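Single-structure report; data block below.
All chains are identified by letter, namely A, B and C, in their written order; residue positions are counted from 1 within each chain.
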Amino acid sequence: MKFKPLMIALLASALTLGLAACSSGNNGSASSNGGKNEGSTNTNSQTNSGNQEDTSKKEVKITFQNIYPDPSDPKYKMLRTVVSNYEAEHPNVKIELDSLNTDQQKVKLKTQAASKEVPDITIVNPAAQMKPFVDAGLFAPLNEMVEKNGLKGTFQEGILDYYTFDNNLYALPDGNNIAIVYYNKKMFEEGGVKVPTTFEEMVDVVKQLKAKGIQPMAIGEKDSWTGSFLFMNILLRTNGGPGFLQDVIDGKKTFEDPAFTEAVNAFEDLVQAGAFQEGATSFDYNAGENLFKTGKAAMYFMGSWATGGIEESTANENQNVGVFKFPTVNGKGNPNEFMLAPGSAFAVSKDSKHLEETLDFLNYFLINYPKEMFNLKGAIGLAQTVDGDFKAAGYSDMAMEVLNLFKDVKGGDLAFDNTMNPGTAQAHLSSIQNLFVSKTDAGVVAKEHQTAYEENKD
Amino acid sequence: MSYTAPVLRKPTVRNDRRGRFSVTTSIVYVIFAILIVTQLYPLLWLLIYSLKTNEEILSGSFFALPASLQWQNYSDALGGGQYFRYLGNSLFVTSVTMVCVIVLASLTGFAIARFRWKYANAVLMVFLVGMMIPMQGTLLPLMIIFKHLGILNTHLSLILPYMAFQTPIAVFIISGFMRSIPHEIEESAIVDGSGVFRIYWNIALPISVPPIMTVCILTFINIWNEYILAATFVTAERLKTLPFGVYSFVSQYSVNYGGIGAFLVLGALPVILIYFLLAEKITKGMVAGAVKG
Amino acid sequence: MNVLRVSGWKIAAFVLPCLIIYSLLVFVPILVSFYSGLLDWNGIGDAKFIGLKNFEKMLTNDSIFWPAVGRTLLLAGVSMGVQLPIALCVAILISRYVRKPNFLVSSYFLPVILSVVVIGQLWKTIYNPASMGGMLNQILESLGLQSWTHSWLTEPKIAIYSVIVVALWQYLGYHILIQFTGIQNIPSDIYEAAKIDGASGLKADRYITLPLIVPIFKISVVLSFIGSLQSFDLIMVMTGGGPAHATEVVASLMYNMSFLSMKYGYGSAIASFLVILCLVATIIINGLFSKLDKRYS
C-alpha cells in the first residue's frame, strides 16, 4: 500500500511521457506519408521484397480521396475493381481509398488545402468551385498525362474546358449530365394532361393535376441547389440563351436585368400554382426524389444522373417513366439548350510525393472507368464516350430516351455555384429557397442578388 | 460548492412511498409511462426502420411496418460497412479518451480544489473559458498543429482533441465536487503521514466516483458519434470509427437509409448492452464511493 | 479554504499535464481563430489583413447574424427554463416513487446516444404534412383540428420551435440522469430529521431537495447552455438552417460561412464572437449561482 502514491506518480508521468513519445515517434515517419503505421509496413515489405524482386522499384502509397463510399453505388464497385486490377499489375503500388460522403469530403479538402496537405488524388467541382484551389497552386497540370494512351480522345468535346485554367488542365470529370424533366405517364393519363411544350402549358398541367388531386412535381429543396437548378433553367430561357451570369461577371448586365426578373416571376408562377409538395424545403434531395420514384408525384426536374435510380424504381414499372426537355418560357429560349452539369472531377496534388505514379494510375483509372461503368449499367451521363450497344446491354427505354436527348444538346449554362463565387452563390441559394415559403416581389429578389454579388466581388 | 459532500453518510435511496395506492401515485406512474414510451419508442422505431426498404422509409409513415423484412440492410452494414473494425476503433478511441480525461481532470481538479496556491482560481477560469468552444471552430488550426506534430491519420489525432475538449467540463465538475469534501479528512490523513498523492488516490478519488461517472457519460456521448473531426483527421480505412460506417451509406445522389438504420442498431447495441449491464454498478459505484470515505 | 500546502513541483505534476494539452489544443486554436477573424481569407489562397472589418460587418451590417444569435439564445433560454425544471421534477418523482430506478433512468437517457441522422429522420416523419404520413398533423386532423396543422419545419416562423422541441426531447433524459444522481447523493438522514420536524413530501422538497440540488443544477445549466451554443448537427440534419436562414443559429452560420461561402475570415470572426458569448455567459451563470449558494448556506 505504501507504494501506491509512487505508482500513481509513475503512472501519471508515464502517461504524459507516453503521449509525448507517441507524437514524437510519429514525427519521423509521418514525413514519408501519413502516419506511423504506414511507415512500419512500408519498411517491412521493403525488406521482404528485397530478396525476391528488384529493389529499384520502391514502395509507393497513393491516397485517393473519393466520394463513393456506398457499396450499393455502381461507382463503389467500379472503383474497387479498377484499383485492384491496377495493384495486381503494379505490386509496388498501394492505393489507399479515403471514401467520404460528398459534404464531408468538401470540408476535408478545404481544411487540407488550407494546411497544404492535399491528398494525392482528390475530387473537385468544375469551374468557379475549383478556381480557389487552382489559384492557390495546389494542383498539378494534367496536360501531358491526358495525352498518354489516347485518354484525351475519350472525353466528349468541350467538356474539359470547365476544368482548364490558363490553358492548363487541372482535373478530369467523372460525369457530364444535363437537366431534364422526368414524368410519370400513368399519372399524366389520369390527370388528362399531355407533355407540355411551353412553360405556360407546364404551369397549366400543374394546375390540372392539382385539381385532380395529383401531386404535380417533387423537389428536394432542403438541398437548396435543386430549386436553383430549376430556376437557372428558366433564366436560360428568358435570357434567350446561355451566358447571363457570365455577362453579369463581365459587367455587361446586372441582376436587375429584365431577363432575370422575368425568370423570377415565371418561377413564382410555378410555385404559386402549387407545383411542389407541401413542406418542400424540409425534403432533402433523396426524400424529394423518392416521391417521384414511388409514384407520388407526376413530374421531377433533375439532372440526368437520376436516370439509374428512377429506372429501377416502382414508378418505372412497365416502362412508365418518360422524359422531356425543359420547354420555352414566354416563347423565349431554345429547348435544345440545357442546364449542363459537368461532374465532379479528379485532381492531382502538385505536392504529391509520388507524382509520376499518381498520374500513371489516374490515367489507367480513367481509361477503364467508362468500360467498367458500362458493365455496371451506370454509363448514362459519363463525360467520356462509351463504346457499346446500350440497348443490347439491357438499358431501359427511358435510359435510351435520355441518351437521345444528349444528342440534341446545343450548349447551355452551368449551375449558379459553378459560375459565381461561393459567397454570391450561397446568397442566391437562400434567396431562391425563400421563394418556396414566401411570395416575394421579383424586384426585391433581383436586388438581393445584386447586393450579394457586389459585396462578394473580388 | 458542487454535489453535497456525501462523505461519512449513508447512501440514500429515498423512498418515502407515502400513500402507496393513492391517486397521486397512479398519476405519477402514468407520467413515467408516457415518458418511457416517448423516450424508448425511437429505439423500437429504429429497429423497424432498419428492416425497411429505402422507399418505405422515405414515404415516412410513422407507424408503418415493413412489407417484407430487409435483412439485406444488415448484411450491407456488416459487409460494406466494415462494422467490426469501426466498432473496435470506436471502442479504443473512446475508452482511451475516457481514461485520459478522468486521470488528467481529477489530478487537476484535486489540485484546484484542495491545494493552497495562488493561481487555483485563475487556472479554473482558464478551463472555464474553453468549456463552451464548439469543436468545429477549431478544425483548421488543429489540422495545422497536427500536421506539424506529424500525427495526422493516427488515432492520436482523434484522442488528443477529444481529450482536450472534454477536460474543461470534467475539471469543472470534479473540482466542484472535491471542494465539498470536508477538510477533517485530509487533516487526519496528514497526521497519519500520508503524502498528497496518497490522499488523492486513497481518499479523494474513491469519494469522487459519482462525478467521475457523470464525466464518463458526458465524454461518451460527446465523442461516440463525432464525425467531423474524425473524417478530417483520419484517412486510412483501418483507423476509421463508427460514424464513418453510418455515413458510408450516403453517396452523392443517393442515401441507403436502411443500411444506416442497420448500422446504427449494430453500433448502439453493444453500448446499450454495456450500459444496462453496468447501470446497476454505476449507481452502486456512486453509492459505494459515498460510503468509503 | 484549501488546506494542503504542497511544493511547487507537486502542483505542477498535478496540473501541468492537463493544462498543457488543453492549452495547446483548445486555447491556441481559439487564439488562431481570433487572428483569422482579422483576415479577408477564403481559407485556401492568400490572406489579406483587414483589421476589424469582419467584426464590424458582423455586428452592424449582417441581416442574418443577429437573428441567429437571437435563436441561439432562445434555444438556450427554453432549454434552461423549460427542460431543466421538467427534468428536475421527474428526477424528484423518480427518487420518491421508484424503488429500483436504474432501468427507468437509463431508458430515459437512451435518445442521447442515438445519432442525429436517425433523430432527424424520426422527427421528420412526425412533422411531415399529413398527406405524407406526418404523425403530428394526422393526429390533429383526426381530432378535428385541421386549422392547427402546419408545415412544421418549413414555415419560417414555426420551424425554429419545431427544431427546439426535438433538442429538448433528446436531452431531457440526460438532465434527468444528472439531477437524479444529485438527489441520490442527498443524505437520507436529512430527510429523516426533517420528517421528525414535520416536513415531508413537497415541503421537504422545497426546503431540502431544492437547496441541496443547487450545485448539481448548476452543472445541468452549464451543460444545457453549452449544448445550445453548439447545437449544430441537429439543425443541419433537420433544416440545414433553412428555409432561407429561418433556423440558422450561430454555430451553423459559422460553419456555412467558413466552409460553404468560403469566407474563412468571416467565419472565424463569428467563432470569436461565440467564444466571447460563452465567456460572458459563464460569468453570469457563476455569479447567479454564487448568490444562490450564499442564500442557502
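As a convention for this text, a residue touches a chain if its C-beta (ideal position, glycine included) is under 8 Å from a C-beta of that chain, and two chains touch if they have at least 3 such contacts.
Only a predicted model underlies this, so the values are computations on that prediction, with no experimental measurement involved.
Looking at A-B alongside B-C, one finds more C-beta pairs in contact between the chains of B-C.
Centroid distances from chain B, each centroid being the mean of CA atoms, peak for A.
Between the CA-based centres of chain A and chain B the separation comes to 36 Å, rounded to the whole angstrom.
If each chain is reduced to the centroid of its CA atoms, chain B and chain C end up 16 Å from each other. In chain B, the positions touching at least two other chains are 59-60, 107, 140, 144, 160, 196, 200, 257.
Residue positions of chain A touching 2 or more other chains: 9, 12, 15, 19, 107, 114, 287.
Counting partners per residue, chain C has 13, 17, 21, 43, 124, 128, 132, 264 as the residues that reach two or more other chains.
Residue ranges on chain A touching chain B, taken from their complex, read 4-6, 8-9, 11-12, 15, 19, 22-23, 26-31, 34-38, 63, 65, 67-73, 75-76, 96-102, 104, 107-108, 111-112, 114-115, 117, 119, 285-287, 290, 293-294, 296, 305-306, 309, 313-314, 344. Partner chain C is touched in their complex by these residues of chain A: 9, 12-13, 15-16, 19, 106-107, 110, 113-114, 132-133, 135-136, 138, 221-224, 277-282, 284, 287, 421-423, 425-426, 430-431, 433-434, 436-438. Residues 13, 17, 21, 42-46, 124, 127-129, 131-132, 151-156, 159, 238-240, 242-246, 256, 259-264 of chain C are the ones touching chain A in the complex.
Within the complex formed with chain A, the residues of chain B that make contact are 54-55, 58-60, 76, 79-81, 100, 103, 107, 139-140, 143-144, 147, 149-154, 156, 160, 194-198, 200-202, 227-228, 231-232, 235-237, 239, 244, 247-257, 259.
Interface residues of chain C, counted against chain B in their complex, comprise 1-6, 10-11, 13-15, 17-19, 21-30, 32-33, 36, 43, 90, 93-99, 101-119, 121-122, 124-126, 128, 132-135, 138, 169, 172-174, 177-178, 181-189, 191, 200-201, 212, 215-216, 218-219, 222-223, 225-226, 229-230, 232, 251, 254-255, 258, 264, 268, 271, 274-275, 278-279, 281-282, 286, 293.
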